[in-house]
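Below you'll find the structures, each written out as structure tokens.
Presented sequentially are two complexes of chain A, the first with chain B as partner and the second with chain C.
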Partner chain A sequence: MASSSDMGSADFESLSSTSDVELLKRAWRNEKAAPEILPYEGDLVERAKGQIELVEENIEAYVENGIDPLVVSLYQMDLDRTQFLLRSYLRVRLLKIEKFMFHSLKSEEAESRLSEQEKVFARRCADDLAKHFEESVLRKLPENYQSVLKQSLISEVDDMVPEPHLDTFVACRSNSHFTLNLYEEGESTQTEEMYRGDLYFIRYKIVKGAIESGKMDLI
Partner chain B sequence: MYGRKGYQLVKDFASGEKGQLKPFNSKLFDETIEESRQNQRLIQSLMRKMEQEGLDVQNNRNADYYGALVHHLSLIRNKRCLMAYVHNRADIVRDLGWRVGLELPPEIQEKLTTLEKEYFKNHSAAIKSYMGKAGIDLNVDMVPPKDPYIKVRVVGDIDDGIVMSDKTTNFARHSMHFLKRTDAEPYIARGQMEELTG
Partner chain C sequence: MAGQTDPHVSLFSPEEVEFMAEDELVEIVPNMNMEPLNFIAGDFGRFIPQIPIQVPLWLAVALKRRGKCTFRPPGWLSVDNLTQVLEAEREPQSKFQALPFSYVEIARLLFDHARDDIPDMYMVRSLVEDIRDVRLHKLENNLGTFLGTSAVKMENVSAMEVNLVRPFARRALEAFYKHDKPEAAADRNTRSSRQPREANDEPRRPLRQR
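Up next, the complex of A and B:
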């Protein structure tokens, strides 16, 4: 789309930053950088899929109508990039599910972040791995020590479940001006002003809420 | 020393190259299992001894109680080591599915145990079923695309007459082709083609 001359650059910027491709790029970047799995962007993924199909059809029509191959290949390139974003976004999520499968199924909160298909996948993953553990190790151990989730029967909590490290440091950029408490709950009430466009290197746990509400983006 | 076998097992895994599988160390693995069983037998005999002496097993803190505790700790340590060994290998096995493809070539299969092959098969089925339901193939496009077409050279044996999305070609060894990236990627992952850059 050619931007007309009367359209200010600010307008164009705000318009382009809310297009689905930009939103997908943002979701993908956040997902890639976050140590834990983020809530699934279901609507966005569906819209992106729809748009990809549309562009695919358009490209086919262009080829049939004999439009300049260079133009077609430009559209194709754009399409490839969008497809990469979508695939990579879903793939990063699957990799996180694979990594923390038992954790993802432990609490409803963690499970609610997954799409329906991802839930099915996580359950299958966990069943397969549990079966693999049982056949390779657990079955051969004494009875009290055969749990996948607990070290032994006397463990009170599930102490064999890998969890994401929420204390890890992440780089992020603020999208708006707001105040943030830089301490964990109850430690201190001291807050810090976050300015739009500023970069921060900070523990994930502290900015988790701001990222999920879109006030900050991971980079 | 109790717990050393498990430690050696984990060390054996850690000494391997990152992302590469070594043959499964079943000798050390079985020895660790055997040590765990030994621990269990000793815990039971200590417990029995305390019961015979008429002592309350839950609350009595005598030498036998601490003896049993040491065996218990050794056992859970061994369990963690055994699980870590299998878990880390399973991580690599899953990772192969993404890097090499959901069908593993025989030279990689060799390094997997029967159970790991079975696990890989089940896990691949789970990924395929996810991709089928989501209606999207996630095993292509592993690197961000620069150009929709890439230049490749055939380095392995590829059966003739593979239909690419737009045409049929004869992929003789060492021949060079200009292909759609998405078509070529599976062959590159399997080492049958290499991308020519520059």
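Up next, the complex of A and C:
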């Protein structure tokens, strides 16, 4: 797959194989590898859930109708793999929400990346943690130091909120041929030609856009 | 070596890397009749005795375990090709040779489940092991030649290899980037006092001299 000689077949493959499982796998890998929470793939998750339910029903029907146990077990394996992807995807997101809950609730942009259930989870988490900190520590501190979000009253910004570290480096692979600007605006104009299948260690901020538009995948 | 696989440090566990490799297509020759399988992952079949067919590796292994098919080992997994690859990998200053992204995992699964379908199995296995070792050694050496502070191209590096060097490469590149930034010093001072250093609790190891 990596060599340039079978590029043609790989291209063809990408056209024909955009099944939801492929998309889910991509979403899972990106979510695992990205330092921040990515926008929630709501439609995809709903479709995957629907397909999982359908297959579950089918499998029950197969068992009742006495279809070859081999065939049933193969369908079960396919189902298990999809369920694993879906669960792992949702769990990775929960882990990240726990890590960055105050940050996720601070701005609308960050909050819009979460699903409705995730928002509820983040809020409850944040409330519980804030309550716990207040009861156990903060109330006993001098008045200036009682905020959960700030070091002291004189802090201008919320400096006690863990934020995702976007200057980190990620491994990613290109899905198409395009030119990537290697620096943020104002820094430099150096660019790099990306070809399909090329693999890079690259600063996350630079490829963030390309990942969200599907031009690159995190691996 | 650099970036030893500590499950808490590496992003994808070995099982997860294998899980991804199991979706690669391989060719099998079934020995039974079976209607097409309409999986969530796609449609495969129908299966007709002696007619080769492409299926994902996990399905191939499942059928093989029940004695329902034989594998057709992929072309790259032959003594001839692997010998060539190994020689090329051993050339000083050579690039990484083109191998499937998941070559380690695919080979491993075939060795575990389809040993009777691979000609010269023992030879092939030891070649794959040698290639893996040579490449890991090379990868380790290459880490010393990282250039640029924004993007580093890794040609023909496989899934397992990326996963292995990722923690080290990430820390090294982060450090390079920090020192390269013009406003680095000022920024760092304000940041370290202001920001709790993102929620990253990995131990910070200094760059080792090698």
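Observations on the structure shown:
Note that in this section the second predicted complex is superposed on the first by the 204 of 219 C-alpha atoms of A that agree within 3 Å, B and C clash if a C-alpha of one lies under 4 Å from a C-alpha of the other, contacts with A are read in each partner's own complex, and residues count from 1 in each chain.
Criterion: contacts are C-beta pairs under 8 Å (C-beta built on N, C-alpha and C of every residue); 3 or more make two chains touch, one makes a residue touch a chain.
Predicted, not measured: the structure shown is a model, and the values here were computed from it.
Contacts of A:F169 after superposition: chain C is touched, whereas chain B is not reached. Of the two partners, chain B and chain C, it is C that touches more residues of chain A. Legend: residue contacts after superposition of the two complexes on their common chain; A:F133 is shown touching chain B, with no touch to chain C. When the two complexes are overlaid on their common chain A, residue A:M160 makes contact with chain B and with chain C alike.
Look at A:L44: by the touch rule set out above, it reaches neither chain B nor chain C. Of the two partner chains placed by superposition, A:A110 touches none, neither chain B nor chain C. Once the two complexes are overlaid on the shared chain, A:R81 sits against chain B and chain C alike. When both complexes are overlaid on chain A, the residue A:Y200 reaches chain C alone and has no touch with chain B.
By the touch criterion stated above, A:I219 is placed in contact with chain C alone, chain B being left untouched. Chain A residues 73, 77, 81, 84, 99, 160 lie at the interface with chain B in one structure and with chain C in the other.
Within the complex formed with chain C, the residues of chain A that make contact are 1-4, 17, 19-21, 25, 29, 32-33, 35, 48, 51-52, 55, 68, 70-71, 73-75, 77-79, 81-82, 84, 99-100, 155, 157, 159-160, 162-165, 167-171, 180, 182-183, 190, 192, 198-203, 206, 219. Against chain A, in their complex, chain C makes its touches with residues 11-12, 19-20, 22-23, 34-35, 37, 39-42, 58-59, 62, 66, 68, 98-101, 150-157, 159, 162, 166, 169-170, 173-174, 177-178, 194-196, 198-200. Contact residues of chain A toward chain B in the complex are 49, 73, 76-77, 80-81, 83-84, 86-88, 90-91, 94-95, 98-99, 117-118, 120-121, 124-125, 128-129, 131-133, 135-137, 140-142, 145, 151-152, 160. Those residues of chain B lying in contact with chain A across their complex are 33, 36-37, 39-40, 72, 75-76, 79-80, 82-83, 86-87, 90-91, 94, 98, 113, 115-116, 118-119, 122-123, 126-127, 129-130, 133-138, 140-141, 144-145, 147-148, 181-182.
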